[in-house]
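I'd like to ask you about the structure that follows.
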Amino acid sequence: MVTNQQAAEMLADYDKDDIKIATVCSHSSLQIFDGARKEGFDTIGIAVGERPKFYDAYPKGKPDEFIVVDEYEDIIDKAGEMRDKNAIVVPHGSFVEYMGSDKFKDLEVPTFGNRNVLDWESNRNKEREWLTSAGVEMPGIIEDPEDIDQPVLVKYHGAKGGRGFFIAKNYTDFKLGIDRDQEYHIQEYIMGTRYYMHYFFSPIKQEGYQMDRGVLEMLSIDRRDESNIDEMYKLGSQEELRKMMIFPSFVVTGNVPVVLRESLLPKVFEMGEKVVDRAYELFGGLYGSFCLETIVTEDLDFKVFEISSRIVAGTNPFISGSPYSELMEENLSTGRRIAREIKLGIERDELDKIIT
Amino acid sequence: MVTNQQAAEMLADYDKDDIKIATVCSHSSLQIFDGARKEGFDTIGIAVGERPKFYDAYPKGKPDEFIVVDEYEDIIDKAGEMRDKNAIVVPHGSFVEYMGSDKFKDLEVPTFGNRNVLDWESNRNKEREWLTSAGVEMPGIIEDPEDIDQPVLVKYHGAKGGRGFFIAKNYTDFKLGIDRDQEYHIQEYIMGTRYYMHYFFSPIKQEGYQMDRGVLEMLSIDRRDESNIDEMYKLGSQEELRKMMIFPSFVVTGNVPVVLRESLLPKVFEMGEKVVDRAYELFGGLYGSFCLETIVTEDLDFKVFEISSRIVAGTNPFISGSPYSELMEENLSTGRRIAREIKLGIERDELDKIIT
Amino acid sequence: MVTNQQAAEMLADYDKDDIKIATVCSHSSLQIFDGARKEGFDTIGIAVGERPKFYDAYPKGKPDEFIVVDEYEDIIDKAGEMRDKNAIVVPHGSFVEYMGSDKFKDLEVPTFGNRNVLDWESNRNKEREWLTSAGVEMPGIIEDPEDIDQPVLVKYHGAKGGRGFFIAKNYTDFKLGIDRDQEYHIQEYIMGTRYYMHYFFSPIKQEGYQMDRGVLEMLSIDRRDESNIDEMYKLGSQEELRKMMIFPSFVVTGNVPVVLRESLLPKVFEMGEKVVDRAYELFGGLYGSFCLETIVTEDLDFKVFEISSRIVAGTNPFISGSPYSELMEENLSTGRRIAREIKLGIERDELDKIIT
């Protein structure tokens, strides 16, 4: 893995007046490029396969130049070229997932955020250890399938992009549904409404919601669209459809903007604080964008079912600002906030606190 | 109750160049404070328990000063302090609900809107009398449970925040579900899509949609998120879940922005007109913000199931404007519209028409 | 039908410095009038029945003048008056549907877009021929009801505004549900999430996403609200409700804003390209606004179930811009984009390419 020390050395050679922001052409790249341009940065689009044409339709979100590779894993070979261009890489979900977090850790280009988080995020047990030891509530785990006495979600390990889950209401459901050739874990099925909160933690900004090590922000909230579960009910009930061998899937296809009951905001910030503080204790910090993926129960409790430690695609509805970020300043997306942080890091000569 | 005369006398002592806008730190307070600031007012946040920290993350929505009380009912003791600061109180749903409408009526501070509406709004029978005599359609009432021959909603009296309802499809369901120790009423279950329309009625503004006593506006529309009913279908059908003793609840957790089929706008304004006109006949008027909570049936009829006679949290997605308010002017939230009305009242020396 | 030649002759007589934009007062008219005003055009509202009052509440979306007719079909008699005013008609869904596409084709006023598309769009077989021969995937057709071996949607011909569909999961369902007195067709029921993409094709703009004959844009995406299907699950499962003779309906009542997974954007533009190119081959082109109504499956494939060849009401949430159009320029609605195109056509003397 590229160490913080190595990242700092790479940065030392950079021309700070000509930093470029680079990311992979997918996921939230339009927003990242748009935000970078608004803050005065040139941008590099890393395209896998071919230079995508759709950016031509969105001039503000189009990178200034492209680096084209055949496969995600070939990105690693472009590190030298990127460093020559003074590139700082902004990772997003698809970037890390498709390149592979191990490869990503070895990418010899300064990257925004803490790469150490990857070890904690990509392993379900360590993720749970981090979040629960921080004091955040998660859905309970059922160790023994025979103990299933309430609805549960069975998740196969390595399940990605919303596939590889199933719902069981009892042990019989479990036995009928399980593929024992795959590793899985069983968690309590939480009833409620989902909110994906888009946080930002800055160890270098001065004003705002103060924590020991910096300031915490929450810029926007979305809810994910999932195919086919979202509209499945229109065809019939889960129970009847199962008889026809039609099963739910949870593939993310898009996002809708939401706002949260205002009285829950104190809890939102407290959760963010706990997760950030614990990250500093465990692995050197969580800085930049992150997202807590939560369910709000009928008792108005949050259950966190996942954390994403970088920009999520759920920020895309808010490319020109959200009902939350508008209370900070006009026209502030998460993509722009990232570029702003890098700019601030350059101005204050504190890039080492936000780049690894 | 504070009378209009008393409110006018309090206002007479106010320094009109130093009016402050005050509300309780919850519900839609970020929007109210942001809107007040945009119109040039200083603001006071009434905090229950402790000074909330989350405002530090949202500088535009942060009040200029705080008044901290231990309990909601203690707000009444801060009336003198608020009057000394030339405060006008803007009530919202949580403010009135948690303080209690009786206490709120006695709060000796000038408040935005008509306090007389509280008697009509907090009593289900009077609310129904008001709305139906205005000519607005509501879901039908079933007096005798044995007459249930269609799906119904059984609502316990005093049900708040979305709890205390249940659905019955027939008399058997009713008998199985009912808690006879609580008072309840039974209303027709209306099938359709929900729209919460955010109106504003001004008795002092000159231009716009003209009525006898002023102008009517409709600034935005939302739909409420409710836990756990919204996503319950993902686990199974109502019928199957009931067998597992899992029942729906209707606790509001957030809001999503929506727009309505344009051809329904004439009906939207007609409904607003009727409700306002009838309010003037019955109890001296409905001015400022109000919300009709409706279901649009497959025949494109509106059924109004509730009215809120002040700013609702459903306006929160629109802190920088909605697809409707943008057609009035840029960047106009309901919170800002309220501050604008108070400013206009000061300029025209007509605060007595909008403050009680 | 008014030919392109005839439309060009009408335009030849127009005072190009005093062009007005006219549409029927419904559907997306607020947006069309607002967009026209932003581009400097005066506007004419064609009102059926009476001059609508609700525009008074929305000054930016209010037409400069009204032409009032008794019935939709009387619009045809106002052609001379409209031509005298140098009016260009912008058709929308309700305009064409309620006037009737045959009448609309005969309206002797220059109209935005290609009137030839109406023959292909209003006939389900020709629409399918167009789209599938373009290379776009549609839900499969089941010719013989006895072949139903999966969930299907049975659509009666002439079904409008979301009525006249039913879902059958097998041949028995079909037999129980079908009204054999009506013409119908049976299509595969596609599971997934719906996205309604709002495209714009310009044969005269120079910069952007290049195609052989012009540039393609995608300005926004919505999802439709439908009564009563959307919230029907709250009462019970389809199967149980059917026993109570409660059936789903699909009447459009409003729209919610959505964004799509960014990695699907290349497909979105490819679909748009194919549909436009094929339209030029078949009937002289598809220019201006159009909408592909799609379902995204769990395999991230698009199935197109319908095309609308003009502005759709789903653009209404984006009257001040969308997460997509903001990447083109600020404050760009589809209504404004239409007016911009007409302005460009005037400036370049190329109105004949966009008006028929």
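Chains here go by letter, A, B and C, matching the order in which they are written, and residues are numbered from 1 within each.
Heads up, the rule we're going with is that contacts are C-beta pairs under 8 Å (C-beta built on N, C-alpha and C of every residue); 3 or more make two chains touch, one makes a residue touch a chain.
Quantities reported herein were computed from a predicted structural model and do not represent experimental measurements.
Superposition angle, subunit A onto subunit C, using Cα atoms only: 120 degrees, a multiple of 5 between 0 and 180.
At the interface between subunit B and subunit C, under half of the residue numbers appear on both sides, which makes the contact a different-residue one. Taking the mean of the C-alpha atoms as each chain's centre, subunit B and subunit C sit 35 Å apart.
Residue positions 232-233, 237, 239-240, 256-257 of subunit C are each in touch with at least two other chains.
On the side of subunit C, the complex with subunit A involves touching residues 151, 167, 169, 189, 191-195, 207-210, 215-218, 221, 223, 229, 232-233, 237-240, 248, 256-266, 268-269, 296-300, 321, 323-324, 326-330. Taken in their complex, subunit C has these residues touching subunit B: 26-30, 34, 52-54, 56-61, 94, 163, 225-228, 230-237, 239-240, 244, 246, 249, 251-257, 313, 316-320.
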